[in-house]
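Scrolling down, you'll hit the structures one after another.
One chain, chain A, appears in both complexes that follow, with chain B as partner in the first and chain C in the second.
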Partner chain A sequence: MGTGHGHRLYRHGDTVVHRLPAHTKLVALVLFVLTVVATPREQYWAFGAYLVLLAAVSVAAAVPAGFIARRMVVELPFVAFAILLPFIAHGPRTEFLGLTVSESGLLGGWNILAKATLGVIASILLAATTEPRELLAGMRRLRVPPLLVEITSFMVRYADVVTDEMRRMRIARESRGFQASHLGHLQVVARSAGALFIRSYERGERVHLAMLSRGYTGVMPMLDNRVTPSNAWLVAGAVPLLAALIAATAWSLT
Partner chain B sequence: MSSLPSLDVRGLAYAYPDGHQALFGVDLTVEQGERVAVLGPNGAGKTTLVLHLNGILGGGLGTVTVAGVAVVKEQLSEVRRRVGIVFQDPDDQLFMPTVRDDVAFGPANFGVCGVELEARVARALDQVGMAAYADRPPHHLSFGQRRRVAVATVLATEPEILILDEPSSNLDPASRRELADVLRSLDVTILMVTHDLPYALELCDRAVVLSDGVVVADGPTRELLCDDALMRAHRLELPFGFDPRLTGASVS
Partner chain C sequence: MHVPDGFLNAPTSVATGVVAAAAVTVALRKVRDEQEEKAAPLAGLTAAFIFAVQMLNFPVGVGTSGHLLGGALAAMLVGPWTAILCISVVLLVQGLLFADGGLTALGTNITLMGVVTVLVGWGVARIILGVLPRRPASVVPASFAAALVSVPVAALAFVGLYAIGGAADLPLGTLALTMVGWHSLIGLGEAAITAATVSAVVGVRPDLVYAARGLQPVLELRSGGAPVPVPVAASPAPPRGSLRPVLLIGGAVALLLAGVVSFFASSSPDGLEYVAGENGFLETAREHVLGNLPLAGYGEVGGIPVGLAGILGVAVTITVGWLLLRLLVRRRTRPTAEPARSMERV
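The block that comes next holds the complex of A and B.
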């Protein structure tokens, strides 16, 4: 705990992108991802154009490529799946890099890989330029159901507390000579997970008591009442708008 | 209003739903502006008592009155505005994404908003010396800082009485002293539940001993701490090398 400022995904800065209100960025992200997903997969150039668009945003936000690349590890399981597809899919075969692979599988793999990568990059850019609490405020402004926002907000707040508790439990386990080396040890780890669950549950109860003590009646008070400048929507909307142009061109060429 | 005691507890008895009886008729009156320590070993019923003071627990015998307002279901909101409880683990109390939002949470629940809300937050943070940390997330603060912010979250509701559950637990000596300075500077009635006897002597002129669910002693803190038989009978031990007869007069 207490390592530096802000969240690990956040990169401190004061750029146009950082200053945009969170809810405009959230809407832009969703629109962008939907546009990318709706683009026909055979129009390869369109995905290159999307990438250029994201690169432009990352330059504007002063987020270096290396920062994004490191955080893209999260995509690896999907990459593995996308690479498998050409080999396991049926249909007519084709030659690719000296291998005989399924044509539809190859296209399907490319489809997943390209669209997922663009989505992940866009999400990383959002997270890098928006603090978690701003995102939560943004969700509230977009009228996401308050219960969902509260659950997310508690998750953001207590993720570190719970991981820290988990780390302390692991250290205590290992200090008594425990090393998870074979499958039988899974039982011990499972018990720790159970204990952690009970602890978190009890903490939940204590947090609730503390909230009641300060007058909580089941509705979160609205603490954020800033006004959104209208040009913020224009700036944030530029990205999905350009993406929509690309998609429209891609469709007209199909 | 000023003549009414801040807190008046009469004949409070309570048994948990599982049958375990924690309180057996507690009587306690705290006058306005007093700082009172509730001393007692673990399991004496201290936390159960605290949870009665703002109506989290209830349904047993006896009454609790806060500056003339009875702690009953119909008046819970008013009672919770008047009674500010600072819980033992600041991580239980601080749950909002930033210090500022957390301090604003209480007063906002009680209908304070706009400029007045901002002023309350600023004042409360200033009182505990944490004004510079308003925009930080709570989990990036040190434990002592989090405890002080927890005090601010309650001060922001401008309570009649401030109740602290084990305020000195887990604090290093410097944070402990800083918190003591903060508490001394506040112009509010304080009830401090603790088994940290030197801390009680340092901050409170008066103390009560809670043992097995009843108040067994009530008097000047120093006198109680010097009563060896009383201390021994209720598992209250002074730390090694600490002699209440030799320390300076408690600072009021």
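The block that comes next holds the complex of A and C.
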């Protein structure tokens, strides 16, 4: 993960949203999602307004809708739960599309579907416009404990290495005719996992020695000392501010 | 099991966020004891390992496959505090970079999958290791039990959170039964692969498995005369005694839940009582023998408030459990534990 190739969700570009400092985007995202979650679920129009807001951001960031839609598959298991909810919940029954379903279950299902979708879209937009390296620097600027940021940075840096190592082991197994088909094969897969752990752990020890030999004293130096321009906060803050306005209107209408 | 945004309401999300932040803060302090100054690269690489191993699908039954949560596995391999950090970092990266699991639900996810699975798994493993003979191979059954228990307990914790801040009023009894039943099956798969993985590592590099630290047999020098034990450098953090913070935090959380959260708990009948009332056999149930004691019915009788009854209940449970544990451990480990312990001081 150097320059040139980021992680799978990153989409290179040079737009207003891409240029914003990572920590302002991070704060804006958390505030936005928190506002969405706190919105009363009966105000259906509010969620449409949030969606329009996110659509505006995706246009400004030049992230096509198809890109977002393809990444939204992570949400699927909970969509299944949300669809199931009206049928299993308690409470008074109501008619919906010719089916008799629970009223609170219907509302609950809608609530999960709407809020989770908005949260996923917002997270995808952040990941699509921010490189992991910048995100980590942003976390550090937000006073996240340095050790945690360091652990995260090692994880992000080596996730692909370790995953590739696991893939090579799988290819080696399969090229010898192995195919996991019943529980007895668990032993084989677990052996690979054990080997993977030993390799990862020993790599960690080697990385530590390499760091020591380059003068590591326990804390990583902070390389990014730029001052955040105040209009960056204004631009990034516009989204949660508008969301807060929508939420306030929704609350006053209930 | 990644909870998305909007699944739990905002106050519950914020509250679990505070719990998660506290746990991570404690873990950040303790991790240096477990891994010395190598903490950052080792925990980072272990997190990458957990991330990779979560993609490892294994067949569960006909046509279905499950994947590892990894809390118990990480706890056994690198120690509980490092494990909490690893799982939290995995969840953080999944939430931020892969949009998997909501950001407002990050605290919930860390609490359930990072803190609960790790602490429960580690506690179970410590209890089992206290009973089993002191040798490295004992960590295999211990890790099996740890993973087996940790998954349904995490599912139960999820049901508890859902009861406090869930989006729809589901029949809680049914929800708990379904979640725990389903996750017991998942836990079986998790237990099998966790035990097999720990067994693979312990067979090759027993020194790397944190739970097996201090369980290695004492090396002896046998040159003619009586065998002389070889003095070894003390391992940096022998697991002995590290059960205490786990128990303390677990007890504090239980007290908090019992004392504070029970005030917000619904006073409507629980699933079983509801079913009983519906089917009309509630009337046939006789008053409980202890029905006249002040604690029966969790404080509805005798004027003791619900929260206090909860705290008392937890205190009594902990005391009884502790006494049982003392009895059990004293009987099983006294003959073998003493010489090994004196060796550790060398």
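Convention: the second predicted complex is superposed on the first by the 250 of 254 C-alpha atoms of A that agree within 3 Å, B and C clash if a C-alpha of one lies under 4 Å from a C-alpha of the other, contacts with A are read in each partner's own complex, and residues count from 1 in each chain.
Basically, contacts are C-beta pairs under 8 Å (C-beta built on N, C-alpha and C of every residue); 3 or more make two chains touch, one makes a residue touch a chain.
Quantities reported herein were computed from a predicted structural model and do not represent experimental measurements.
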- Overlaying the two complexes on chain A, which is it for chain B and chain C: clash or fit? fit
- Message: With both complexes superposed on chain A, which partner does A:Gly13 reach: first (chain B), second (chain C), both or neither?
- Response: neither
- Message: On the A-aligned overlay, A:Leu85 touches which partner chain: chain B = first, chain C = second, or both, or neither?
- Response: second
- Item | Touched partner set for A:Arg203, first chain B, second chain C, both or neither | both
- Considering only touches as defined above, state whether A:Gly215 meets chain B (first), chain C (second), both or neither. first
- Query: Thinking of the overlay built on chain A, is A:Gly48 touched by chain B (first), by chain C (second), by both, or by neither?
  - Reply: neither
- Item | chain C, chain A and chain B - angle at the middle CA centre, rounded to the nearest 10 degrees | 80
- Query: Now for A:Ala195: first (chain B), second (chain C), both, or neither, which partner does it touch?
  - Reply: second
- Task: Name the contact category of A:Pro40: first (chain B only), second (chain C only), both, or neither.
- Result: neither
- Is chain A touched at more residues by chain B or by chain C? C
- Task: Considering only touches as defined above, state whether A:Pro64 meets chain B (first), chain C (second), both or neither.
- Result: neither
- Message: Per the contact definition in the header, classify A:Pro229: touching chain B only (first), chain C only (second), both, or neither.
- Response: neither
- In the overlay, chain B and chain C get no closer at Cα level (Å) than 8
- Query: So which bits of chain A does chain B touch that chain C touches too?
  - Reply: 132, 153-154, 156-158, 161, 203, 207, 211
- Residues on chain A engaged by chain C in the complex (per definition of touch): 7-9, 29-30, 33-34, 36-38, 41, 71-72, 74-75, 78, 85, 88-91, 102, 104-105, 107-109, 111-112, 114-116, 118-120, 122-124, 126-127, 132, 135, 145, 147-148, 150-159, 161-163, 165-166, 180-183, 185-187, 189-198, 200-201, 203-205, 207-208, 211, 218
- Task: Could you please specify the touching residues of chain B with respect to chain A in the complex?
- Result: 51, 54, 56, 77, 80-81, 83-85, 87, 89, 91-93, 95-98, 101, 104-106, 108-110, 113, 136-142, 153-154, 157
- Query: What does chain A use to touch chain B in their complex?
  - Reply: 1-2, 5-6, 132-133, 136, 153-154, 156-158, 160-161, 203, 206-207, 209-217, 221-223
- Item | chain C residues touching chain A - in the complex, by the definition given at the top | 2, 4-7, 9-10, 13, 24-25, 28, 31, 37-49, 51-53, 55-56, 58-59, 77-78, 85-86, 88-90, 92-93, 95-100, 102-104, 166-171, 174, 192-193, 196-201, 203-205, 208
